[in-house]
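Paired with chain B in one complex and with chain C in the other, chain A is shared by the two complexes that follow.
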Partner chain A sequence: MTTTPISTSDTELPAGPGATASNKTKSPKKSKSSASGHRSPWFGRSLLAPVLAFFIALNVIPTVWMIGLGFYKYTLNLGDPRYVGTDNFTDIFTDQELWGAFSRTLIFMVSAVGIEVSLGAAIGFLFWGSSKMPGRRLALTLMFAPMVMAPIASGQFWKLIYEPSFGVINDLLGKVGVDPISFLTDPDWAFRAVLFVDVWMWTPFMILMTLAALGSVPSAELEAAEIDRLNSFERIRYVIWPNGKFILMLGVLLRTIDAFKTTDLVQTMTEGGPGDSTEFVGFALFRQAFNSLNLGYSSAVALVLLIIAIAFTSIYLYVLNLSRSK
Partner chain B sequence: MTKPMTAPTRRSGKDTAKTAGYYSLLWVVAILFFLPILWIVMAAFKSNTAILNTDYLFTPTLDNIKSVFDRPNVTSQFISSLYLSIGSVILAVAVSFPAAYAFSRWKFAYTDFLMFLLLSTRMVPAAAAIVPMLLMFNLFGLRNPFGFFLLYTSFSIPFSVWILKGFIDGVSERFDETAMVNGASRLHVMFKVVLPQVKPGLVAAFIFNLIFVWNEYLFNFSIGSEGVRNVPYGIANGLVDSGGNVDWGFLAAMSSLYLIVPMLMIFLFQRYLLVGMTFGTVRGDV
Partner chain C sequence: MTATENEATTEESNETLVSRRSLFRGGLGLGAGVALGGVLAACSSGDGSAGGSNGDDPIDVDNVDAEDPLRGSNETNMQGKTVEMGFAVLAGWPPSQAAVELYPEFAKYAKEKFGYTTTVKKTEAGFDKLFQQLAPGLSSGSQENNIMISDSQWLGAFAERDWIVRAEDVYAINPDLDLDPYSSLVRKTYQEYPDGSGTRWGFPQMPDTQGLFMRLDMLEDEANQTAFEEQYGKKLPTTYEEFEPMTMVEYEEIFEFFNRPEEGMHGTAMMYGKDYDSFSCAYHPYAYTTGDIWNPETGEVIGFLNTDDHATALEYFVSLQKYQPPGSEANGIGTMIDLFTEEKVFSAMQWLAVGLAMDGDGKLEGKILAVPHPKFEFPDGSIDVIGAMGGQPWVINKFNDDDHMRVAIDFLRWWYSDDAQAKFEDAGGLPWTADKVNAEGFEDSKYYARAFKEMLGEDKSRDFWHLPQYAELLAIQQEAYNKYAADPDAFDPKRVLDFIAVKQQEILLDNGVTDVAIPDELKDITLE
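Moving on, here comes the complex of A and B:
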């Protein structure tokens, strides 16, 4: 993306008089075969068709459907949907539980992403330059394992690891004389315990992104930095950051979106409890839809969340783009 | 920390002790992350009593692994997992490549917007997407392997397009022009000139999406039916035995077996995994 754009003459302009002109001047030879298809914008658009078909059928239609449902009162098994206008949306504003879950999710998201990014960047840096390390491939494979284990399975197993009477953590704590801690049923601990598992699971992803970002730094620039005797801070500031930031920030974005949606960890480990200490919006929504079967209201909530997420991402990408085109 | 800051290949043999210490530190970090997984894999070879007694030393048994396959449906769950994820990701990469090529070469005015729209599908909370999807799948009778094949393909498309566009942007348009001046068709350029140069991108897109689809649970659980049940569903569903107790041995054995494929992928295609995330801008040592 940031590779030097080999600027070609604007032969690929989609349409307009210029396009036809350059078509004539530049391609005298290929007149015999499929000449019209070469530069026609319609050929380009047709290449997008399969992806767009999938996108419309499985993303646009369900989303429009969801928006529509938001205006209905529709509880599965309780008769037909009934149009209620914007009632669902006004209900959202006064839904204390939901906004509690929302702010809890934000705290979770900021802590999880903050820890994962700093830890991931630190470890990524640590691994940078270890290409001659014996068994490096195996070490990285083992380190990436947490992110490919099925979350549903790791969530369950962490429950066992955290278990007060026969979990391994409390067993080890007991050996150094610490009283058992009910990590998942103690309101003081549950949030941190879930956060810890999320960090364990997704820090490897940020390590991966950091390594990729570092890999996109041209070795020539690093050598120049060495000749100029830049210190570590200057190297990060002037050589690494300008090259690697796009990838790194994309990693942060993906993690942020996913942390905001955290559902399966909570579902397997705490089911939102104890009390509501780990009730996050993703899971609250899941409960509304599938336990209460409250499809209209949950669709309205989903729409509000989607708008928040899109607004956040647009601002984020906008800022990222600004700094990228520097 | 200053050591790894130097160019990756600059390491001389002089300070071997320091190097050994550095490598050991890296190994320790890697193993710390792996420990909980190791604990799960160990449990796969323990009896349920040993698991609940938190035994560190134990006589390994293959009972858990054997009994996994004694359960009904487990084999079919493994098969569904395999063909649903591999098939759908291959289809996703196949349709994403032409689109990424078009985005890269035609520079439509709406490219950025469309690319963003594609990514935005990731922002819909899964639980929210499930509701309309359930109604739609019910309506069109799609709660079958075919429907899930399409669903998982649509999951994998956005990221594939993003990765591939990055890689194709890195292939100079001069290649296209030279070939076309010499009479090649656009399709020939796409598949014979550009495609071979972005193979790492194709592999990267494949691996990444495979890992995501491999562990997909919410949709499978909520709107799946017989025939599309994958292993994550099987794990959740078979967890509690008839007496209401969690069968930890089963959980450990099944999830450890299920981990083999993605771990092998990471080991074998690690280069591509690292390169893939650079969206084609690799220049240094990954």
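Moving on, here comes the complex of A and C:
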């Protein structure tokens, strides 16, 4: 797909512009098998068969089934499926709660991804330029900890931290004379509180992507930029961005899709409340499907979400390809 | 053209090709989806539509075979067999788990009496998830869970889909299992569907009612006694007898007196949470004072749930947050236990069976007074209360094979024996039969038993909906109530009730439960 050189020494985190370059192209060794002679094309295909079987069983069939269900009125505890044509899809357009959830999701997605990318890039650059900082590896490891925690655990963890009567934040606020804040039950705070946890969890991912992007910049080009006395801004614009943009944009894409689907955090922290102030579209879908057992309608909603997620991906890829072809 | 440019062009044209192919495949997928959906409908259409065995004739007891599995085991038909039973229970709720904990005792009984070996495995989930966890399996005819705990609201959904055995049939064949309940509330709440039909589906497992837990040590404290008398000109009550006739308005003085945020202590805690039925059950006693929340006969909600009186009741209930710690909008059973046992609140309106956990593992032992739910003044001037019913019945999976069905019946026979019930009560369970609740010493058996008995009395509590649509109905009101509780100044309580009533009646209309249309003036109501 891409012609952008990406470092192959990616098991090591990049240690900064001054570090010894280790991304020299390795000459590919000829494998014994290819050297020994021609193999039937069926051999390669048969190796793919198990993966393909799993993909079809676990992905294709459920997706097709879901699409089919979208055309039926089917609530698991109310009776058998009844064909309703496109009713479920047209209902989506008049479902105010769902549109409310869409709107909140969009605001959440833009805010979360915006903050995470900005913070992640800033911290990534800091770490990139601090190869000699003592405890760098430990700091990075600790920083990545929120990202590797299960969201359900993070949600519970923060729910306790935010708790107005027992939580540590309100305890500290109380010590400085501030009245307790109901972070998760005050409509003015709940959204921001969930957003903060998402930023806490996923900024490390963007740090990682930034470091990977920076690591993909050929050191020869950086050295040339140094010799040419490019300032920091020029260095980013003419050297780093062209080389690292694919990885960074991939990070943005993954985070966008993930933020769009946010469900687990909301479920553990607020159940979408207070009222519906943190009910994002993923959680609204979850409630329709697994609380109300409204499988027909939720399948239609899921299909619309799938199309939106595909659209996001396509737009990103299109933008990337467009800028590459220029 | 350079090699790279050439490559890029080829790539782009490939992408265009791929897009067309994807489009074609997408279309194929859509078509296949619809077709598969048809298969789905065809596959499932043979299995009784809504109504299920609800309309079946009662079992003809005289013609029931001696080997009918609903009779349970006899001396010969299960000899030497091994049966693993699946129990679905509520997670984190000891009375529900007790059946699994006590199962080895049953296994011993079964081995001695019928000669078979039995073990148990459990499926567990919280109140808000258990039905959802069971429904997919049951809809495919699975007997993974042979005996299941059901919340009372789920009875209709289980029964309409023909997923459970009708208790009425079991009782007809096994009259010894048909025990005399303490009050008709047991039958109405845990057994009957449809309401008033007389057809029973559930087997009572754990009854529960609402009450108020208070800190007795704080009430009896001399300084508090003096200060209260000075402030309100009356004695601070300390006994069950003094509290029992008191109205919520009178209780307010006590909540206000003990509401000392500066000391980290608040007057009370009530449930306003969005999860499951927290808000609904806590609020319903306030609403029941002036009427029901729907009309079970006509299926109407509008005109019942959204009366002006109910709006006043809702406003009053939410206004009581002023005596509670911040964050009460999220209060559910667990938070209430934490607040009370961590001594953050003087009192907590709670399910009485939760008294098991309200002493904080003995930390507050002897320091708690449990009383019935505070009373209200009814429109006729009488002082009384109608609390919400809690608790759960058992239901038996209709897809059980003969062996599992026999063991299920054997288990129920053992479970309702005096010996097993005594062990259940020791494990935190509460009785529901007339002889056990009326037994001498029951009221003193647990510090909350007397209040529980009072609230289980005839017409002292009420359950709501046993409709298959319960999940959707509940979700609507939980969200709207919680929204109001979180920001009462932003909404008119009458509009909140109007909104809930309209949305619920729409669901009931869609499902044929009612044929009463939504009035035009309410049709487009929103809560924004």
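Rule of thumb we're sticking to: the second predicted complex is superposed on the first by the 273 of 326 C-alpha atoms of A that agree within 3 Å, B and C clash if a C-alpha of one lies under 4 Å from a C-alpha of the other, contacts with A are read in each partner's own complex, and residues count from 1 in each chain.
To be clear about the criterion, a contact is a pair of C-beta atoms (placed from the backbone, for glycine too) under 8 Å apart; a residue touches a chain by one contact, two chains touch by 3 or more.
What you are looking at is a predicted structure, and each value in this text was computed from that prediction instead of being measured.
Visitor: Look at A:Val319 in the shared chain and tell me whether it touches chain B only, chain C only, both, or neither; answer first, second, both or neither.
Guide: In the superposition, A:Val319 contacts neither chain B nor chain C.
Visitor: So, A:Val110: does it touch chain B (first), chain C (second), both, or neither?
Guide: neither
Visitor: Is A:Thr63 touching anything from chain B or chain C once the two structures are fitted on A? First, second, both or neither.
Guide: A:Thr63: touches chain B and chain C.
Visitor: Answer with first, second, both or neither: which of chain B and chain C does A:Phe166 touch in the superposed model?
Guide: After superposition on chain A, A:Phe166 lies in contact with both partners, chain B and chain C.
Visitor: Does the superposition put A:Val178 against chain B (first), chain C (second), both, or neither?
Guide: neither
Visitor: If you count the residues of chain A that each partner touches, which comes out higher, chain B or chain C?
Guide: Here the partner covering more residues of chain A is B.
Visitor: Just checking: does A:Met143 make contact with chain B only, chain C only, both, or neither of them? Give me first, second, both or neither.
Guide: First partner only, chain B.
Visitor: Which partner does A:Phe290 contact after superposing on A: first (chain B), second (chain C), both, neither?
Guide: In the superposition, A:Phe290 touches chain B and chain C alike.
Visitor: Is A:Gln96 contacted by the first partner chain B, the second partner chain C, both or neither?
Guide: Only chain C is touched by A:Gln96; chain B is not.
Visitor: Please identify the positions on chain A that touch both chain B and chain C, taking each partner from its own complex.
Guide: 1, 3, 63, 65-66, 69, 166, 290
Visitor: Show me the residue ranges of chain A that touch chain B in the complex, using the header's touch definition.
Guide: Its residues touching chain B are 1-3, 5-6, 8, 11-14, 26-27, 29-30, 33-34, 37-38, 41, 43-45, 47-48, 50-52, 54-55, 57-59, 61-63, 65-66, 69, 123, 125-154, 156-158, 160-161, 166-168, 171, 200, 203-204, 208-209, 211-219, 222-223, 226, 232, 235, 243, 246-247, 250-251, 254, 257, 261, 263-264, 268, 281-283, 285-286, 288-290, 295, 298-299, 301-303, 305-306, 309-310, 313-314, 317.
Visitor: What part of chain B is in contact with chain A in the complex they form?
Guide: 1-11, 22-23, 25-27, 29-31, 33-34, 36-37, 39-40, 43, 51-54, 95-96, 98-99, 101-103, 105-109, 114, 116-133, 135-136, 150-151, 153-154, 157, 161, 166, 169-170, 172-174, 177, 180-183, 185-186, 211, 214-215, 217-218, 222, 231-232, 235-236, 239, 246, 248, 251-252, 254-255, 258-259, 262-263, 266-267, 270, 273-286
Visitor: Where on chain C does chain A make contact in their complex?
Guide: Chain C residues touching chain A: 4, 7-8, 11-12, 15, 29-30, 32-38, 40-41, 44-45, 47, 49-50, 128, 131-132, 135-136, 139, 157, 160-161, 273-275, 325-330, 338-339, 342, 344, 468-469, 471-472, 475, 479-480, 482-487, 490, 511, 526-528.
Visitor: Would you pull the chain A residues touching chain C in the complex into a rising list?
Guide: 1, 3, 63-72, 75-83, 96, 100, 163-166, 179-182, 184-187, 270-277, 279, 287, 290-294, 321, 324-325
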